[in-house]
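First, the structure itself, so that you have it in front of you.
Chain nomenclature is as follows: A, B and C, assigned in order of appearance, with residue numbering initiated at 1 for each chain independently.
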C-alpha cells in the first residue's frame, strides 16, 4: 500500500472519510489508510467511494465529473458506476475485461460518510458504533474537523490520557487541580474507559452557568475509546447526594458527549472528525458556535503538540518510551491495537 | 546519472534545451536527461552547452560569467572554453590534467538550441527533424514553452492519442462529436502517425473565419510523433471534391502545423518547446497572440492532467494499465521507445 | 544519529550553539551535530543544554516552559533539571528509572553559548580557544549570525582559501590584484594558517580612512583555522619600514580580527556565529553598524556560493575534485579532520 507502513492499519472497521456536507455535485479526493479514494453522490444522492485511479491511464477520477450514477474519467471519458465497474468506453462498444476500480462499502450516519476499506464481506453496518442521542431533539450538536500531521497511534494515546489536559490544555479546558487525582482505566473488548467521579465539589463555571445547581455537585468525566476509530468523552454533573446510576446521569441537568472519529490518512497523518452532543441550550446557535470555538481551540492545542511529537519520532524512530502512572489507558489501547492487527488480514489487495 | 532512472532516456537525439531568445549575456542553467547543463554564447554568438559543475570544487559554472569565448567559475575564476577544457587557472601557469568539463554538440535552429547528450560521434546535424516551412515567409509563427512535472513517456502517449481531446480539451479545442470516429495509427521507422480525414462537413469555426470556403469542406487532422522528441499536428481543410493529395494540402486555404519539441528534464519532468506555423494571417500579430493564447490554454489542460497522472504513478508504481481501442498509437510508440533504448548505449559517462 | 552521516562530526569540541542574547525566559530549540537540543537559563541565569526529547512520549521540551531551574515538558508536566534528571512527575511520587534526558557541558563566553556534545569527561573549558582581546575596552565589537545550507567541510575549505576572495567577494572585500600573489600555508597541530604580507604598498581605502598613514604601508592578512570550529582572519597595516614582529602588530594603527565559530547543524547545514574585534573607532556605533553590514554582505556571498556547491554535491556525490595550487590550506585541513575523526569515539550514545 503506497505511502504507508505495512501492517500499521486495521482495515476491518468503519472509518469516517468525509463529512456528509462535503459531498456535493463535484467529486471529492480523499486518502484513507494510504489509499487514494474518490467520493461522489449518485443522482439519487447515495454516497459512493471508489479508488481514485482510472485503470486505463492512471488519471485520478476525482478530476472528472459525475454523470448520473457514474463518475467519468477526465482523460478519455470512461464511465465507472457505484460498483466500480466500467459502464462505458467512448469510441468502442466492448468494455475491456479488468476495466474496473475497487469500490468500498459505504454507510452515511451522524453527518459523516463511513467507508470499509478492509474485507468487504465483513462490512456489517451493525459494527458502526451506535449513538442513540444523535438526531434526538433533546440534544444540541456542534461539529468540526481537524487534520493532524501525526500518526493515529499517538492521537489514540492522547484520547485515553486525561493527564495531558492539565498541561496541553491549560489555556482552554485544563485544570491544575486535576493533575494529582487518581484515574481508573478499564478495558472491555475493544473498548478502553478511563475516568473518574469528583464528588461534593463546587460546580465548574460552565456547569454553574447552564445548570445553576443549588450547591455542590458530583461530576463525572469519562474517556471512552473504541479502538481504533471512535472516541468520546462523557462529562456531566448533578446535585451531590444523588446515586451514581446511568439513569441519574441520563437525567443530569448538564451533560456533554464529545465524539471524535479518527481515520488514518497515511502512517503519519490522520483525519479527525468531531462533534459534541449537549443537553443544554440545544437550539441556541450562539451556544453551538461557542462549543465549536472551544473544541476547535482545544484540538488545535493537541494538534500542535502531537505534530511536534510526530516530527521528533520521525527524526529518530524506535526509541522505547519511559512509562509513568497515567499511561494505564495507553498500555491497554496498544495491546488492543496489536491484537486487532495480528488477528486480521491487511486492508486487502486493490 | 543523478536524479534519473537508469536506461530511461534515449541519449542519441537532438534535444531542444533552450529557446534561442533565452541565451543572452548571462549563462543559463538547465537540466536535460538528468544532467545539469550550463548554456552560454561565445563572443561571436555561438551557443555552447557544458556540464554545469566545475571539476575543482563543484561550483555551478552557471553562477559565473562569460568572458569572451569562455565561462568563468564563480569560485576561483577558472576559465573553460567551448570545448570544455580549462584555459586558465588564476594564480598558476600550469593547467592541471583533468581540469575540464564535458562539452556537448550543439545546433541552433527553429528559434531553439539543440544539444546532443549521447555519444558525440553520432551527433549528425542531418538527424534533426527538417521543417521546410519554418522561416518561409508564407507561414506565420506563434510559440511558447511549458514545463511538465511529468514523465516524457506519458506526454508522448498523449501526443498520439487524439481521443483525449474530447475530454481534456473540451474547454479549448475539443469536440464532442469526434469521440466516436475511428482513427488510424501508422508506424514508419521511428515515426508514428495517427489521424483521419473528415469529408464533406461544414467548416469548423476557425476555418470558416480565416478561409471562408463556399460550402462543405474535407478536413484532415494528423498527429505525427518522431520518437522520442518531435511531435507535430497537421490540420487543414479545403473544398469538398478536391483529391486528397499532398499537393492539394499544400495549396489548402487553411493549414496549421503545430510542433512540439520534448526534452526529458528528469525521469519525472519534461521541457516542452512548441510553435505553430500557419498559412493564414501570417503577418498579423493579433492572430499570433490569439494562437499563442489558445495553445497555451490547451497545453495547460494537458499539463494539469498529466501532472496528476504522474503523482498517481509515483504513489504506486508498476501498475499494468488496461488498454482500450484508442491506444493503438500508444502501443506503437512504446515499442519504438523500447527498441531505441535497447539499441544504444546510455547517454554516456560524464 | 538522526539526519547525519555517521562519523562525519568531531564530537569532542566546544561548539557555539547560540548567541547569549538568544537565551531569554523561553526555551530555545537548536540542532547541532544532528542532535536536537533545548537551551534555557536557570533562575540564576546559567545556560543549560539538554536533548530536546522527553523520554516519556517524545514531546520536544523546547515547547514547554522553564520553572526555576527546571524545564517542564509540555505534554505531562515532567520536570527536568540542568543535569537532565527528572525531578518531578505530576500525579505520582516515584520518579521512574531512566526518566532523564542527556545533559551537555556548557560554557558561556564571547557572547556565545558553547556546548560539548562529545565525551563529557573530556569537556575541559581550557580547550575553548582563548581570545584575549574580547572584552578588552581597546577593541570594538561587531557581530552576527549566518545559517548555511552547506556542509561544514566546504565552509572550512573556504576559510583557508584566500584565493576565492577575488571572485566570490569582488562586490565586497575582493581585490583583483590579489589573485596572482603566492600565499603560504602552515600547519601546527589542529591549526592551519594561510596568508601573506604585502609590503610597501599604498594603503587600501579602509586603512587610509581610519589610520591615515603618512605614506606606504606593510599590511598583513592571515587566515587561521583551528579545526574544526574556530576561524579568524587577522588583518592590519603599519608604516613601511617597521619590523614585522607581534609587538609591532599589537601597536598597529589599524587592525581587525574577524572571528567565526562554526557548528555543524546536520551533515548538510552549519551554524556560523561571527564577530569582529577592531582597534579603530571602538565606541562608534555607526562604525559597528558599518562593519556588521559589510561582513553580512560578504558572508551572504559565501552562503550563496557554498549552498550552490552543496546542491551540486548532493545531486551527484562522490566526484573526486581536481586540485589547484591555492588548495594548500584545504589539503592540510582535510588531513586534520581525518585525524580528529579517526582518533576519537563518535559524539556518544544519547
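FYI, a residue touches a chain if its C-beta (ideal position, glycine included) is under 8 Å from a C-beta of that chain, and two chains touch if they have at least 3 such contacts.
Everything quoted here is computed from the prediction, not taken from an experiment.
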| item | value |
| --- | --- |
| Superposition rotation for chain A onto chain B, Cα-based, multiple of 5° | 120 |
| Self-contact between copies chain A and chain C, residue sets same or different by half | different |
| Centre-of-Cα separation between chain C and chain A, whole angstrom | 49 |
| Interface hub residues of chain C, defined as touching at least two other chains | none |
| Residues of chain C that touch chain A when the two form their complex | 2-3, 36, 52-53, 55-60, 63, 72-78, 89-92, 96, 98-99 |
| Chain B residues within the chain A interface of the complex | 154, 157, 163-164, 166-168, 179-182, 304-305, 308-309, 311-313, 315-316, 319, 321-326 |
